[in-house]
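In C-alpha cells below, several structures.
You will see two complexes here that share subunit A, one where it goes with subunit B and one where it goes with subunit C.
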Partner chain A sequence: MKPKVAFFDFASCEGCQLAVLNCEDAFLDILNLVDIVEFREAMSETAPRFDVAFIEGSIHREIDVQRLQGIRARSSVLVAMGACACIGNVQARSNFIAPAENFKRVYGEADRNLVQSDPEFWPLWAHTRVRAVKEIVSVDYELRGCPIVPEEFVHLVKALVVGSIPSFPANAVCVECKMAENECVFDQGETCMGQVTYGGCKAICVTHGYRCDGCRGFLPQANRVAHQAVLREKGLSDAQIEHRYRLFCSAQFVGRENRR
Partner chain B sequence: MRPFLLRRDELPNWIKHLARESQVYFPQRAGRSGFRFKQVREGSLIQLEHYRPTIVPPGKKLFPAEEILFRYQTMGDEIPVVTPVLDASKQILAGVRPCDLKGIDLMDRVHGEGVPNPHYLSRRTHTTIIACDCLYPCDDACFCDAVGSLGWRKNADVFLTALDDEILVESFSERGRTLVQRTALPVCDAVDSFKERVDVRRSKPFGRQFSVPLSQIGPIIAGQWSSPVWENHVQRCFSCGSCNLVCPTCYCFNVRDDFELSDGSSGGRTATWDGCMLPTFSIVAGGHDFRPLALARQRHRVKRKFQYLTQRFEEGAFCVGCGRCGRQCTANIDIFDIVNDLIQKVEG
Partner chain C sequence: MTIETKTYNIDLHHVTRVEGHGNIRINTRQGVVEEVKLSIVEANRFFESFTRGMSPQEIPWVVGRICGICCVGHQLSATKAVEAAQGIRVSPQTVLLRKMLNQSQFLQSHVLHVYFLAVPDFVGTPSVMPLIKTHPDVVKRALRLKKLANDYTAVLGGRTLHPMSHTLKGWRRLPTLDAIAQIHDRLLAAVPDLLETVAIIKTLKIPPYQRETEFVSLKHPDEYALYDGDIFSSDTQERVAVRDYLRVTNEFTVPHCTTRWSRWHRDAYAVGALARVNNNFHQLHPQAQEVAQVLGLKVPCFNPYMNTVAQVVEIVHCTYDSLAMMETVLNGGLREEDIQHTPVAGRGCGAVEVPRGILFHEYAFDESGRCCDANAIIPTSQNINNIEQDMKAFVPQMLPSMSQEALTLHMEMLLRAYDPCISCSVHMLDIQFTT
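Showing the complex of A and B:
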C-alpha cells in the first residue's frame, strides 16, 4: 500500500505548498509512489490518518495548538515545512512588541479595544506568541527556507519511501557560495548572514546578486559572537544587527546575548 | 625549442585565437573585486597581471564542486550495470600563476598515487596549462615565496614571463610546443638577459616570509599539539569551510547515491566537495563525531598542509601560499598568521 501523505497550513503564505506543486515532473512521479490524502492547495478531501504530515506555517493561537496536536496524533512522521514552521519566520518579529501595541498598529485603537472587550473577537486576542512547530509537538524532519527548496522536498520524499536516512547537512551557506564561485558578499562591501545560516539552498540569493538574510535559520554551531563582531567591524550598529538577526529567526533567537 | 617573444598587446589576440579552437579559461573579473577562471569569448577582457587570485583556484576545473562518478541500471535479479562517467573534453587553463601551478602538481600526485582517481586523471590528461610568472606579490595576503611556490615551473606546458611590453613564451612539454608552434612568433635571441632583467625587477622579499626555513616548520608544528595558538585563532571561526573549499590543495569529497524517481531502477553516485573544517565532516556511521571541536578541526587543517601531507609526499609544504583561505575568511583567520604564531612560540 502506498504511504498516505497530507499537507496542512497554519500562519503562512502557502508558498511552500506552491513550491511543492512547482516540482511538476517530479511531483507527478511522486504521485505514483504516495497517496496524497489532504492538500488544501490542490484538493478538498480530508483523511483520518496519515503516514507523513507536512506542516506549513507558524503556530499563533490556542486553536492552532490543538489542531497541530491532533495532526501529530494522527501521523507517523511529521515534517515542518518552510521557515514559518521551522523558525517562525518574519511574523515572529511581533513577539518583540506587546500584543496590544501590535493590534493598535494594525487595526487602530478603537478596534484594539473592541478586540479586548468583545467575546466574539476574543480568539484573535488569544494570539500571544508566534511559535515554531517544534515548540508544540515533536518534529521528525525539517525542510528549511522561505520558501522550501524543491530538491530537498523530493530528496526527503524519496528517503521516506525507500526507508533511507535523508541528508540535510548542517553546513553554512558559505559552502554553496564557494561551490558556485560567488564573490563573497563581504567583498562586495555588503554584509551577510551566510556564515551562521543553514545551507542547502545552493546560496540562491547570493548567486542572484543579493545577500543571505538567514531564512533557513541559525546553524547549531553558529558562532554568533564572532559574527556580530564582524558585522560591527563592517559598520553595523547593534540595533541594525538585532534587526538582521530577528528578520527570519525571531522565534529561534530572542536577542538576549545582545544585551550588555 | 628556443623561447619566443610575444608583444604584450598581442596576448589577448593570441588567447582568443586559441579560444576559437578549444575551451580556454582565463582569469576574468567576477563582481566588484573578485576574479574567476571564466571561458574566453570574443569580448573577454584578457589582462595578464593586475588580478587578485581567483575565488577558487584553476585546479578546481579538474575537480568540480559536484560531479557524477557513475550511473547504474538494475534489471530484475541480474547484477546492476554500472557505467563510469569520465570527462574527456579538452581544455586550456591560461594565466595560471606559479602558486596554482604547484597546487595542480600536488593534486596530480594526490589523485594519481595510491588508488588513482580516474575522474580527475581523465580531465587532467585533456588539460593544457599556460602559466605565467609573477614579478610582484598580488596583495598583502600572498606568501608563495615562503612556501617555495614562486619559482614553480614543472607542470606548465607553456610558461609566460611578462616584462614591460614583451612576453617571453617558453614551452616545457610536447603539448606546449605544438600549441606555440601553431602561431608564428619571433624567436627570442637573448633569453638569459631577459631573465636577468626579470629577476632584477622581481620584488625582494617577495610577499610575506617566515622567520625560519621551510624545513623547520613541520617539526615546529608537530611539537605544539596543545599550544594556546590554536585557541587564539579559532575563537572567531565560523566553521563555514570557506578556507577548505578555496584551497588549491584541498581535495576531500563526499559521495551520495541517488535514484531516478521516474523508474526507480536507475540512478547514480555523485561526488561533492567536502572540507575538514565543516562540522559534518567527521561524523561517521552511528552518529559518532571524532573531531567535534572547531579547534581540533583547524589544527588538523594546518597540520595537513605543513606536516602530514608534506611527510607523505616528501614535499616542503602542501600549502602553496596563494593566500586564498585568509582572503576569503570573513573572520580574517589566516593560515600564515597561525603558522607564524606557532613559530614565535618556539623562537620566543
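Showing the complex of A and C:
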C-alpha cells in the first residue's frame, strides 16, 4: 500500500508547501508513489492518520501546540519542513522583544491593550514565543532552509517509500560553495555565514551574487568562536555579529546557548 | 425544507485551498441570518516589530518571508519603500527588470490559483488530485504553465521562492541574455496553452451574485499599473499619492481576526485582479481585452466570483507585456550597475500591485542607518472586510434556494475567488453552522 502523506502549516509564509507544488517535473511521479491525504493549501480532503506528516511553520500559541501534538500522535514519521519548523526562522527574532511590545509595534497601543485584556480576543492572540517544532514534539527528519531545497524533498520521499534512511550530509555551505567554484564572499569585501551553516543548498545564494545568511541553521560541530573572530577581523562589532547570527537562527542560537 | 425552517450552523475551520488559516462561521435560525463571521486565525509573526535593527539591504530580503506565494511582491514593495527612505533613484534598466520579475510572479500565482485552487470547485472535485485521472491534459497543462512562470522568476531572481539576485538599486547578478531569450521563446510557445485555459474558463458556471463595492488599485497614466502609480478609487475617481496610503487603508482591529481590517469611502473596499481590471481596463493589452470579452467580463463588474476570470485576463496581459519587455532587453542588452549604498537616516513608502491587490510597505531608518519603524499593509487584510460584507449580502439571497452544503461551498468559493493570502495578512477560514 502506498504511504499516506500529509502536510500541515503553522506560522510561516507557506512557501515550503509551494516549493513542494513547484516540483512540477517530479510531482506526478511522486503521486504514483504516495497518497497525499491532507494538504490544506492544495486540497480539501482530510484523513484520520498518516504515515508521514510534513510540518511547516513555527509554533507560537497554546492552540498551535495542541494541534501539533495531535498531528504527532497520528503520524508514524514526522518531518520538520523548512527553516520556520526547524529553527524558528526570522520571526524568532521577535523572541528578544516582550510580547506586549511586539503587539504594540504592530497594532498600536490601544489595540494592544484591547487584545490583551478582552477575553474575546483570546486564544487567537495569545502569543507566547516562537518555537521550533522539535521544542514541542519529537522530529524524525529535518528539511532545512528558507525555502526548502526541492531535491532534498524528493530524496526524502524516495527514501521513505523504499524504506531506507535518507542521508543529508552535514557539510558547511562553505564546502559546497567551493564546489560551485564561487569567488569567496570574504574576498569580495563582504562577510558570510557559510562556514558555520548546514549545507545542502549548493550555496545557491552566493552563486547568485549574495552572501550566506545562515537560513539552514548552524552545524552542530561548527567552530563558531573562530568564525566570530574572523568576522571581528573583517571589522564587524560584537553587536553586528550578534545581529548576523540572529537573522535567521534566533531560536536555535539562543535556545541552545542558554540550555548549555 | 422551507426557508422558515432553515436553521444552519456552518462552522468551517481552516478553509482549504487558500494560502493561510481562516474560518467561516454562519448561523441562520428559521430562515433569518443571525451571524456571518470570517475569521483569520493565523498566528502573529510580528514582522513590523522584529525588522527593527536591520540594515536597508536586509529589509526586502527578510520581509519577502511574509509570504511564499507573493515573496517577489513583498520584496519589490519593500525595496521601493527603502529606496524612498534612502533617497535612492534607480535606472530604467532596473525598473524594466523589476516589472518583469513582478509579472513573472503574477503568472505563477494566477496559474496556481486558477488551476489548483479555483477550478476544482467548478468541476466539483475536492482538489486537483482527482483531475489527474479524469482530466490529465488539464493537469499537465497547469503544471507546464506553472513551471514556465517559475522558471521566468528564477531567470530574473536566481530562484523561484525568495529570490536573491536583486537588491536596492539593481541586480547583484544580472540575468544572461541567453536565459531571457530562452524564456521568451517558451512564453511565446505557451500561447496555445493560454487559449486552452481561456476555453476551460469559458465553460465554468460562475455564480451570478453581485454587490456594488469600491475598487482600489494603482493607476498609472501610461500603462496598466502593476509596478508603479498613484492609489485610485473607483468611487471618487480620486488619486492619492502612495506616501498618503494610511488615508486610504484606515485600519481597525476586530476580535475574530488576527488581521486588521480596512475601509475607505464606504464599509469596505476590494483590491486585486477584479479591482485592477475594473479601474484600468482600457490599459490592458488588446489581447487581454479580447479575452475579457470572450469570458463575459464587462466593466464595471461587481460579481466577486469573477475575480478568477479577471486573473485569466491578467495572465494574458502579463504574457504579452512580458514578451514585449523581454524583446526590449534582448534588443538593448543589459549592463552592470553600481549597487553600493551607504545607509542613511530617512523614512519612505512604497507600493506595488501584487496578484492579490495593492501592497504597501513603509520603513524608517535612524542616524545609524538601522530600521527603527516598519509597517506593511497587505492586500488580503484590505479584502477581508469586503469578503465578510459579500457574505452578509449573499447568504440571505442564497438561503432560500440552497442546502447547507451548497451554501457552505458557495461561501468557500467566494473566499477562494478572492485568492486570499492569509499568511500575508497573518492566516484564514472556519464556516460554522450551528444546530
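The definition used in the following text is that the second predicted complex is superposed on the first by the 252 of 260 C-alpha atoms of A that agree within 3 Å, B and C clash if a C-alpha of one lies under 4 Å from a C-alpha of the other, contacts with A are read in each partner's own complex, and residues count from 1 in each chain.
The rule we apply is simple: contacts are C-beta pairs under 8 Å (C-beta built on N, C-alpha and C of every residue); 3 or more make two chains touch, one makes a residue touch a chain.
Please read all numbers here as calculations on a predicted model, not as lab measurements.
S.K.: In the superposed model on subunit A, is it clash or fit for subunit B and subunit C?
M.R.: Superposition result for subunit B and subunit C: fit.
S.K.: For A:226, is the partner it touches subunit B (first), subunit C (second), both, or none of the two (neither)?
M.R.: The first partner, subunit B, only.
S.K.: Once both structures sit on top of one another, what is the angle subunit B-subunit A-subunit C taken between CA centres, to the nearest 10 degrees?
M.R.: 110
S.K.: In the superposed arrangement, does A:26 touch subunit B (first), subunit C (second), both or neither?
M.R.: first
S.K.: In this superposed model, does subunit C or subunit B come into contact with more residues of subunit A?
M.R.: C
S.K.: For A:174, decide between first (touching subunit B), second (touching subunit C), both and neither.
M.R.: After superposing on A, A:174 lies in contact with subunit B but is clear of subunit C.
S.K.: A:106 in the overlay: touching subunit B, subunit C, both, or neither? Say first, second, both or neither.
M.R.: Second partner only.
S.K.: Considering only C-alpha atoms, give the closest distance between subunit B and subunit C in the superposition, rounded to the nearest Å.
M.R.: So the smallest C-alpha to C-alpha spacing between these two chains is 11 Å.
S.K.: Name the residues of subunit A shared by its contacts with subunit B and its contacts with subunit C.
M.R.: Shared contact residues on subunit A (touching subunit B in one complex, subunit C in the other): none at all.
S.K.: So in the complex, which bits of subunit A are touching subunit B?
M.R.: 26, 29-30, 33, 154, 158, 162, 167, 169-172, 174-175, 177-184, 186-189, 192, 194-196, 220-223, 226-227, 229-230
S.K.: Okay, in this complex, where on subunit A does subunit C touch?
M.R.: Per the touch definition, subunit A meets subunit C at residues 9-19, 21-22, 24-25, 27-28, 31, 36, 39-45, 60-61, 64, 89-91, 93-94, 96-97, 101-103, 105-107, 111, 114-115, 118, 120-121, 124-125, 127, 130, 146-147, 204-205, 207-210, 213, 243, 247.
S.K.: Which residues, counting only subunit C, touch subunit A once they are in their complex?
M.R.: It comes out as residues 14, 16-21, 39, 41-50, 52-54, 58, 61-62, 65-69, 71, 112, 116-117, 120, 126-129, 132, 139-140, 143-144, 146-147, 150, 158-165, 167, 171-173, 253, 255-256, 258, 260, 423.
S.K.: What does subunit B use to touch subunit A in their complex?
M.R.: 30-34, 36, 55-56, 65-66, 235-242, 245-246, 256, 258-259, 261-262, 272-273, 275, 278-280, 294, 328, 330-331
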